[in-house]
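Residue numbering begins at 1 within each chain, and the chains themselves are lettered A, B, C, D and E in the order written.
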Amino acid sequence: MEASKKSRSEMVKEISGTNPLKCMKCGKCSASCPSYEKMDIKPHQFVSYVINEDVESLAKCDSLWVCLSCFACVERCPRDVKPGKIVDAARQIVIREKGGSYLVPDEIPELIDEDMPQQLLVSAFRKFRR
Amino acid sequence: MKKIKRENLKQLFDLISSGQRLYIPIKKAGQTNYGIYAADSRVDLDTLKTVKSSKEAFFPQSETLYTVTKENRKIKITQQELEGEDFVLFGVRGCDIKGAQVLDRVFLSSPVDSFYEARRNHGIIVALACSEPEESCFCTTFGVDPTEPEGDVTTWFKGEYLYWKANTEKGERLTALCSELLTDADEAAVEEEKESIKAILSRLPYADLSLESWHGDATNEKFGSELWKELYKPCLACGTCTFVCPTCQCYDLKDYDTGSGVQRYRCWDSCMYSDFTMMAHGNNRTSQMQRFRQRFMHKLVYFPANNDGMYSCVGCGRCVDKCPASTNIVKVIKAFSKEVNSK
Amino acid sequence: MHGIGVFVCHCGSNIAATVDVKKVVEMAKLEPGVVHAEDYQYMCSEAGQEKIAQAIKEKNLSGIVVCSCSPRMHEATFRKCAEKAGLNPYMVEIANLREQCSWIHKDIEEGTEKAVILTRAAIAKVNLNTSLEAGESGVIKRALVIGGGIAGIQTALDIADAGYEVDIVEKTPSIGGKMAQLDKTFPTLDCSACILTPKMVDAAAHEKINLYTYSEVEKVSGFVGDFTVEIRKKARYVNMDKCTGCGVCMEKCPSKKAKSEFNSGLSNRPAIYTPFAQAIPNVPVIDPTQCIKLKTGKCGVCEKFCQAGAIDYKQKDEVITQKYGAIVVATGFEVIKLDNYDEYAYSQSKDVITSLELERIMNAAGPTKGHLERLSDGKPPKNIVFIQCVGSRCAENKGKSYCSKICCMYTAKHAMLIRDKYPDVNVTVFYIDVRTPGKNFDEFYRRAVEEYGVNYVKGQVGKVAPQADGSLLVHGVDLIDGKQLKISADMVVLAAAIEPNPTVRNIATMLTASIDTNNFLTEAHPKLRPVESPTAGVFLSGVCQGPKDIPETVSQAGAAAIKVVGLLAKDKLMTNPCTAKADELLCNGCSACANVCPYGAISYEDKLINDHGIRKTHRVAVVNSALCQGCGACTVACPSGVMDLQGFSNRQIIAEVDAICR
Amino acid sequence: MQELISRLKELLESGSVQRVLGWKKGDFTFNPEPAYFNSAEELSEFVYDGFCGANLSKYMIKASNLEGVTAVLLKPCDTYSFNQLIKEHRVIREKAYIIGIGCKGKLSLDAIKAQGVKGITDIKGAEIDGDCNELKVETLYGEKTVSYKDSMLERCHVCKGKEHMIYDELMLESADTLDADRFTDVEIIENLTSEDKFTYFQRELSKCIRCNACRNVCPACSCRKCVFDSTKFDSEQKANVDPFHESMFHIIRAFHVAGRCTDCGECSRVCPQGIPLHLFNRKFIKDINEYYGVFQAGEDIGQTSPLTDYTLDDMEAEERR
Amino acid sequence: MSLTNEEFRPKIVAFCCNWCSYAGADLAGSSRLSYPADVKIIRVPCSCRVNPMFILRAFEKGADGVIICGCHPGDCHYSTGNYYARRRMTLLFSMLDYVGIERGRTRVEWVSAAEGVKFSQTMNEFVETVRSLGKNVRLGDLRCKN
């Protein structure tokens, strides 16, 4: 049990490509977040959950699906910790664990807007396929 | 005349090597060089030219001459033992045999080099005719007959067989040793092979390479020629040509401290190197042009002048194949004959 | 001929207990070059040293090996002993038989065997030792201080008070630096100008201090004790000798559109100006980019009104060359550019300002005459938000990775001053951490909270959004309450990070002083030599070495000064003779060695080289032995082994290796 | 080709260069040699084709001492070496007029012979103007056709590209020859057991005859006197006295050129015993790329060489793979 | 096998920087922290003085292991020496791995003047590692091996 928990937090780090230990707990992410009020786990807390290897709670929380993936936090984080990507990674884990295919390749070209960050697009897919 | 089937050669090598060392072309890491035969050696007699010539068997790239040890404050000198056992050098081509004759002039004339002499006395040469001469060969220019090289034994490949002819007493002894594997043969096949080789020789690109301009006392005229100033230019001052050459005989003497004593050894040196014959006052040849000139003047002028006209080039063409800058003795010879012709 | 003497010490029983000293002596006698070997109870004692000296004289020894304790202990002792006996001190080698042999081994056979080998190695090495002479070089009794801020001024004053000539080179028209721009100083809240200007006056008046204001260092050559520096004195267009500093020219100048550097660009100044009223020297300069006369040839108003006849439009830059024994870098800092922080709307709203700008606003001599007002509409602000760590403590691609150190304290100061003078104004400080190590610092911060009611909120601001009504909506967070905050402010003050003055790069290059990735100058040792640069004779003062507040800067300035004084007090510099040396006969001039030299001790010259009679000009490396400290980095960078280290030469080390592996 | 010769003539005749450093026809079609041309007439012997493999940057060290300007023909890969030599002050930029010439891959006679060809008297198809697809080989024993690609030097299969890093003018087109990853062989060796690695290198190095061709052709080995020729470390060596010394020589040589070696491949090209010497240099290059960031010597003169540089958090030796 | 690992006494050369590791070795000595006598120390001014030639020379002449000790990164007496040494040794040792020299025969360790314990521990470990590898047969001049 311990091992699988740990592997999930490792997975979050791997998928998001971020190092939660870099966080200096300044809260700029939470200050920037448009969905802050609706979140049960606040953006700056995501990091602690990953550090504490409690992805379990993260996977169950509402914030995962409240996050707009606007990436304001990613953009503004002074330490390059990118909470938005952590949320997205947690989302991915939840979705992966559910199994199944979520997107038909043919749909993709139509959905791509040139100005839209690709990452946002992908996150959005995951979110609405919930 | 004897013969042996190609497929039985391994037995032959096993037999020869059971009683003595057998030096034979062995292919290792993609290249063929002489080496001591062992049961798992990849013998390669098809490659015409080993990278290094067979001179190594008599004049190794490096050899210890004596060892100095210290016992308390006293010094003890132990001479390296001379070669005391017979060995067989197998598959030697005409050019390399001629090369050995050149080296004999150097090492066997007084004062005799005892290390060389001992090896020469104990070496039994099994020569091999060149069935397929190559483009860089020009041994005939130096009077070598690749159709019938002069070893203690001369051999030819023809069809399924290796033909075997003993020429000397040493050769006879070896033939006797191998008698169980050799069968009698007539000379017809060999004669046919010799003709076939001759036909190829006449078609070789360097077949008509002429030494005309090098006869006589050419010292002053050649030494002062302006041509050297151009010819040396591509030369990188490496020692490839000297180390693959069957006749280059220069060596350096050095000491090595093994911790338990000092070994004095000699190793091949190259006149192409900037520190060749370096002395306390400096070097008597200070430019690469001079060093380059020295090599060819030695081979084509100085050596024959002191050795009854014997050139110290045998036309093996190894330097032609191996020079990194594609310069070589043939280009030098040609450049001078062109100059003579244009005069 | 070699004649090596070997002296084996018993060190009482320290060595003799686990090493058969007699055996070591016997074995040493068999080594090549050894003509004398003996043992003694205590080699380092007077009697022991006498034995060594006697043997050196009697046997005419060319080198000695002392088998004793660590060379770190007694190498100097035995070198002195050898020198007294007439042997070059560098012909001494120590075999460490105590710390590295007898003390760690219990078995006498094992200990003796190792002792023999260590002795053998030392003998092998000393056989190749060469006599070395410590070099001497003179010291020019004059120091240069680059930068005329508080760091430079304090360093100069301290050096000058010790009796040495000091020149200060300052690139702006007046000394004073950043401290002159400050209104009040923490933690005492005394007026910055009140404590700085007396020092400026002292410096100007000091007979040993010479000011080169409006000047820049252009070229540096030489080495410790003997630097030659070219200083460019930029044309002021005002004759310093004639000017009385009356200020009429500035009043009358018709070109008044230039931004005042001193007021952080918040007000304008004339083309002929002194940066501030108390400027030293109190002689204006003409800004050639603004002056109508210099640009178009017409005008000449200042000349007309100058009763002293000090205006000189024809003045040219002047380059003076001066020699120095030591150089102090005190180039200070700048506030970072805020281009990467769009979210704080610095470029969008006039009411988002940096703390340095706030200093000017709050200063009585500043653009608003000391009244706290919004720059957009001149109205007094009611709600002020301070944002900490803007650009400090960031990931490397986003800002500065370091803590700027001074921001927590000056923000507390600002907040306190505002609340004191304008109790109606609400002050909120968003912080990540409040860092107040320093005497009376935390007390100061607590006063801001407890006595002055400053609202400290733990959490960084995400965004400042200018509103249509001119207010600023601050999106923040209170991490303690777990609430997102949206505060309507009418002024936002950013604690922007500080960075080394950009000119320091160029100066470091000229001085061959090393610089770190943040452009701070590197100290010779981070702990033990914090005010010295690795380049001998170059010292560091103030923020150029790392973020500092005023008291720290002043103490470092004093420390740098005492280092300079220590250097200048010497008549001769003895140089370590174990320095690198290039064999110019074979040097390729490839620059590999210079690339790794931490001291800039290697330069290149085209030299005529005689190679066994062949003369050719080659580019060869030349080591300045006064600068070289003997680390040996160059010797390994050199592929042909041409660069060697005296005292630890390639062949010496090889000989040791051989002796050990034998 | 004609265009190139005309241009060279023009340069010589106008006096803007004093000589041309290029290749002269050999006595076979496949053995041209590096040569200087001092006049337009001498250019009648000029050649540039698939057999002109030599990296002429090395020759520019000496040419920098000659009077006047030398026009030098440099292939794209040679220009890296030239840049590196500028950085090391071994050539003088102003003394060279660099004609960046195109390259369609250089040929290896050994590679041709390895395809079972013996007694070669003539080879056609290596002309730079041609399409360089096929070589027609005339031999004493008949005619053969071999593919150009299979006959290329190893280095051309891992070509650094068609771009010249430094030049005064460009002539002739290049072809893409890259079809392999240059670190594949290094990786294969890295994955062997320690013992197999040792056996592999022992076999290869046992062939070494210490002719110094690799060193003398190497543009990075430009020392006035090599450590192995000098007494600086008591390391003077000649010929193969002990197998150790071959390892020592090649490891130290590779170390000395680490961070400076442009991977021009000349060492492997000239080795008379066909030792893949580039495997030493590439190991260092691969390690440098992995440990300190991708670095290509000779690409940018301003860049610090990885061995004269450091970062505070460099990897520790014990953390190596 | 006539030589068991118990009996095998490796030759170990340790290059120690004068300012840190050599002092660390002295401290190990004055604290009587033992390590095998197989280790012989060569004093160099800085780890950056260690030339690859020295290391190969040691192996040539019969050393079984070579260890380089210097100041901890950031603590170099000359500021930058050990940074250069670190790169050089990383690359050199990686090359030695590559040509088939057993990895355990080379080592770099940072030992400060205060780390007598670490010095002794490091040497104990290193000697043990080399001892387990046995005699160095792959690198070295055969003439030196009698």
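Some points to look at:
One rule holds in what follows: contacts are C-beta pairs under 8 Å (C-beta built on N, C-alpha and C of every residue); 3 or more make two chains touch, one makes a residue touch a chain.
Please read all numbers here as calculations on a predicted model, not as lab measurements.
Common neighbours of subunit A and subunit B under the contact rule above are C.
Chains that touch both subunit C and subunit E are the following: B, D.
With respect to subunit A, maximal separation of chain centres occurs for B (centres as means of Cα atoms). Note on interfaces B-E and C-D: more C-beta pairs are in contact across C-D.
The distance from the centre of subunit A to the centre of subunit C, with each centre set as the mean of the Cα atoms, comes to 45 Å.
Look at where the CA atoms of subunit A average out and do the same for subunit E: the two points lie 48 Å apart.
Between subunit B and subunit C the centroid-to-centroid distance comes to 68 Å (mean Cα coordinates, whole Å). Subunit D and subunit E have centres, each the mean of its CA atoms, that are 36 Å apart.
In subunit A, there is no position where the chain touches two or more neighbouring chains simultaneously.
The multi-chain contact residues of subunit D, meaning those touching 2 or more other chains, are 225, 227, 233, 235, 307-308. Contact of a single residue of subunit E with at least two other chains is seen at positions 51-53, 57, 61-62, 74, 80, 84, 88, 141, 143-144.
Pairs of chains that satisfy the touch definition comprise A-C, B-C, B-D, B-E, C-D, C-E, D-E. Contact residues of subunit E toward subunit C in the complex are 11, 13, 18, 22-23, 25-30, 32-35, 37, 40-46, 48-54, 57-58, 61-63, 74-75, 77-81, 84, 88, 120, 144.
On the side of subunit E, the complex with subunit D involves touching residues 51-53, 56-57, 60, 73-74, 80, 83-84, 86-103, 106-108, 138-143.
Across the complex, subunit C is touched by residues 87-90, 222-227, 230-235, 256-257, 304-305, 307-308 of subunit D. Every residue of subunit A that touches subunit C in the complex is listed here, in rising order: 22, 24-33, 36-37, 42, 44, 72-73, 76-80. Across the complex, subunit E is touched by residues 186, 189-190, 192, 194-202, 227, 233, 235, 242-245, 247-248, 251-252, 254-255, 258, 280, 283-284, 287-288, 291-292, 306-312, 314-318, 320-321 of subunit D.
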